[in-house]
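Okay, so chain A shows up in both of these, paired with chain B first and chain C after.
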Partner chain A sequence: MWDKLLHIDRRLIYALLFAVVLAPFLLQWKQPPQYINPWTQSLYDYIEKLPPGTPVLVSFDFDPAVKPELYPMAMAITRHLHRRNARVIGMTMLPSGVLMVDDVLNQTGEEAGKRRGEDWVNLGYKTGGLAVILGLGENLKRVFPTDAHLASTAPLPVLRGVRNYQDIGLLITISGTGMPGAWIAFAHQRYKVPVAVGTTSVQATDYYVYLRTGQIVGMLNGIAAAAEYEKLIGVPDQAMLGMPGVTACHLLMVLLVIVGNVAYFASRRHREEPTAEPPEPPTGEEV
Partner chain B sequence: MPPTAALPNLAGPDPWMIAGIWVAAVITLAVYSFLYGDNPLYKVAEHLFVGISAAYGTVILYNTGVLPKLIFPLFSPDKVDLPGPNYLVLLPALLGLMFFGRFIPRWSWMSRWPIAFIVGLGSGAAIPVVFQANILEQAHGTVAPFGPLAPGAPALGVADLIGNWVLAAAVLTTLAYFYFSKPHTGNFGRASRLGVWFLMIAFGAGFGNTVMARVALLIGRLQFLVYQWAPLWWHH
Partner chain C sequence: MRMQAPLAIGFLAGMFFLVQFFVPHQRLKEVYDVLLDWATIIGIFAMVLGLGSLFRTHIDRIRQRRKSWGYSFITLGSFFLMLILGLGWGTEKGSPFQWMFTWVQVPLDSTVFSLLAFFMASAAYRSFRARSVEATILLVAAIIVIIGRIPLGGELSHGYLPRITEWIMIYPTVGAKRAILFGVALGVIATSLRIILGIERSHLGGD
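For the complex of A and B:
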């Protein structure tokens, strides 16, 4: 029996996982976060303290591949920024992120009654990576002479008085890649702009070290932190809806790990039991 | 209650939007069919993804790079707020074109110049700040207070103190594990074995986070199927 458990068809596990994740949707199971991570709270508090009209650069460095994790936090953070009347300057370092920026800024701007060009702007994608980050430290409008819709950025009210990082109150990078590391090294370390990170759970362990040293002011770790942020701003949305599925899946994983370990040790013990007599020691004659 | 943003406008359905939802749903199911086994449906989805990504990336690169950085400064300077044509942009354009020398064996040497430029610029810009951000600052963060501070300094809790000690021990013992110029025996061996335990804890935390990340992706797709695709079935 134990051997059977150890060689269970993985498709059965996929089916179980699918059912466990789907069940909370169908059963309308709700589970608001009971605990707010201190790093989620610190980003929220930082934005709360920004004076109205502060320019905030948000780099939406993610594409549809990680949308379920990062889109909800992008929505929650941008909603909060609009509520604080910050000037939201959106951009992306990934070509496939352009539509993500547009989606988030259009929807949150419309909800908050904010106008494109006056309260927010989508600068779009610019190729160059490191050159873009360093260029923003010199002259933002030279790096982005046009916005994502090819309109000149020079006359935009949202960018009035914004020349480089010195005029930016906060830089938020939302990314499922190593991009936050580049923003921290080049934008924060070199130009001292405050940086916050929103990232996928896979990447999060890479960025905890920057919290301790104060190189970032806050961090959102995956869908759980997005749900916490939705709770903080009082706008439940996709992340809070998805959390019961995450919880159910984690419980299933814990169960599978326990079952797998018990089966492994039990089958090993079972195999060792029949060996009644130890094998004869080698006599040396065969050599 | 589904998130309002996730719901299609079924009161006045836009045929293009409905077609888009159907395409996305079919491709989602095609990709997940790989979990059962490799099959032609999955292959079609995979090839579609690669082809569309390449085409989309090219268009975006042209619109956000070539147009505002090369074409507008040369031919429509007013669109990028320039008083007149800026012919200096021809220099980086030429450097960029040299990359294409790669396709012709006789001229392949040309591509080395822009590569050398990028490597030189990248290294020069990166080495000092990356060293500062990832080594000096991190070393500074590890050297945290290990006992009561001088009078007047902010008080440290017991948990903070224990945390600081554990952090320092983890850093030193993990470094010991990766130090191969000395045999891992005696006290040094014990320290390196402790380092392995810290590594295992870090891998466990990483695995837990990875599970949450992957499940979040599955949840995102299921939210789409349940709240956007499924309503189309009962709407019709």
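For the complex of A and C:
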């Protein structure tokens, strides 16, 4: 029986996971965050303290693959920035990120009654990787002479007085890749611009190192942190909606690990149990 | 000459960036700005090379009717379709390009990425075993982090599990990560010096 459990058909596990992720949506189960992670709180507090009109550079360095996890946090952070009347300068280091930047900035801008070019801008994508990060430290308008819609950046009110990192109040990178490492190493270390990170849970372990050293001012770790941020700004949205599914999925994983271990040890014990030994053959010495 | 010229360029560029970092002279800064522009332009050429390589690989596969050649056809077809939609109707909100991106590319990419959860669930069931003391510690830590990251974990433990989770992430995890980072950083410095000084030549096609 234990062996059977141990070698369960993987399709059954897949079906179970599918059902478990789907069920909370159908049952409209709610799982609002009870505890705010200190790093989520520190990013929120940092933005709260920004004076109105502060230019904030947000690099949306994610592609459609990680959209379900990072898009909600991009929305929540941008909503908060608009509420604080920050000047939002959006860009991306990935070609497939351009349309998502547009999507986030258009939607949050419309909600907050902010205007493109005056309160926010999408600078789009530029090839070059590190050269772009370093170039922004020298002259932003030289790296991005036009925005994503090919309008000249020189006369844009949102970029008035913004020459390089020295004029940026905060740099936020939202990414499911190693890109925040490059922003920290080159933008923060060289030009001393304050950096915050929003990332997937898988990638987050890479950036705890920089939190401890104070190289980043805050971090959103996965969809759970996005839900916490939605709670902080008082706008429940996609992250809150996704949390029940994530919760159910996590609980199933724990259950699978426990059942897998119980089955493993039970089957091992079953195999090691001594069976009734046959009597020793007569040696001929006994009389 | 084919070997010496790239080596000399690598040496000069490497030494320039090294000196420029420590000597913030205006003249050096001007050259630095120009070199950053060059790097961006080279990045664009790299994209063109990447596209060339993509076409060559897939056209060869279709010509030779190699295994799964149909997928190559779909790759090239999708590429040209998006190119035509983008050039023809733009990429603004409501354009066919954006429609394809939102309703085809985003769901496809997200689906492929989310398959990871299914493999992880199956792998967790089959291989995550408390076979030794180290494996048991790892397993217990993983279970704490998995539960500590969800709202239910905080609710059931009155906030203790999320705090323990943070402790695990901040101390043992950061300690291990930092050790790895130091190793990587030293390796990067050593490799960079080898490339600048021309000792490492594998990037030029040599040994």
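Going forward, the second predicted complex is superposed on the first by the 273 of 287 C-alpha atoms of A that agree within 3 Å, B and C clash if a C-alpha of one lies under 4 Å from a C-alpha of the other, contacts with A are read in each partner's own complex, and residues count from 1 in each chain.
Everything that follows uses one rule, which is that a contact is a pair of C-beta atoms (placed from the backbone, for glycine too) under 8 Å apart; a residue touches a chain by one contact, two chains touch by 3 or more.
None of these values were measured; they are calculated from a predicted model.
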First, second, both or neither for A:L105, with chain B first and chain C second: neither
First, second, both or neither for A:L81, with chain B first and chain C second: neither
First (chain B), second (chain C), both or neither touched by A:G245: first
Touched partner set for A:V66, first chain B, second chain C, both or neither: both
Touching partner for A:L17 - first (chain B), second (chain C), both, neither: both
A:L43 touches, of chain B and chain C: first, second, both or neither? neither
First (chain B), second (chain C), both or neither touched by A:M219: neither
Partner chain in contact with A:A154 - chain B first, chain C second, else both or neither: first
Touching partner for A:I174 - first (chain B), second (chain C), both, neither: neither
Interface residues of chain A shared between complexes with chain B and chain C: 14, 17-18, 21, 66-68, 96, 98, 126-127, 130-131, 134, 201, 204-205, 209, 212, 222, 224, 246, 249-250, 253
Partner chain A, residues of chain B touching it in the complex: 1-3, 5-6, 35-36, 53, 56-57, 60-61, 63-65, 67-69, 72, 79-81, 121-122, 125-126, 129-130, 132-134, 137-138, 140-141, 202, 205-206, 209-213, 215-223, 226
Residues on chain A engaged by chain B in the complex (per definition of touch): 11, 14, 17-18, 21-22, 25-26, 28, 66-69, 71, 75, 95-96, 98, 107, 124-127, 130-131, 134, 141, 144-146, 148, 150, 152-154, 181, 184-186, 188-190, 200-202, 204-205, 209, 212-213, 215, 221-224, 237-238, 241-242, 245-246, 249-250, 253
Sites on chain A touched by chain C in the complex: 8, 10, 13-14, 16-18, 21, 31-35, 37-38, 63-68, 96, 98-99, 102-103, 106, 126-132, 134-135, 138-139, 142-143, 149, 201, 204-206, 208-209, 211-212, 222, 224, 227, 243, 246-247, 249-254, 256-257, 259-261, 264-265
Chain C residues touching chain A - in the complex, by the definition given at the top: 29, 32-33, 36-37, 39-40, 42-44, 46-47, 91-93, 98, 101-102, 105-106, 108-110, 112-114, 117-118, 120-122, 124-126, 128-130, 139, 142-143, 146-147, 149-152, 154-155, 159, 162, 166, 169-170, 173-174, 177-178, 181
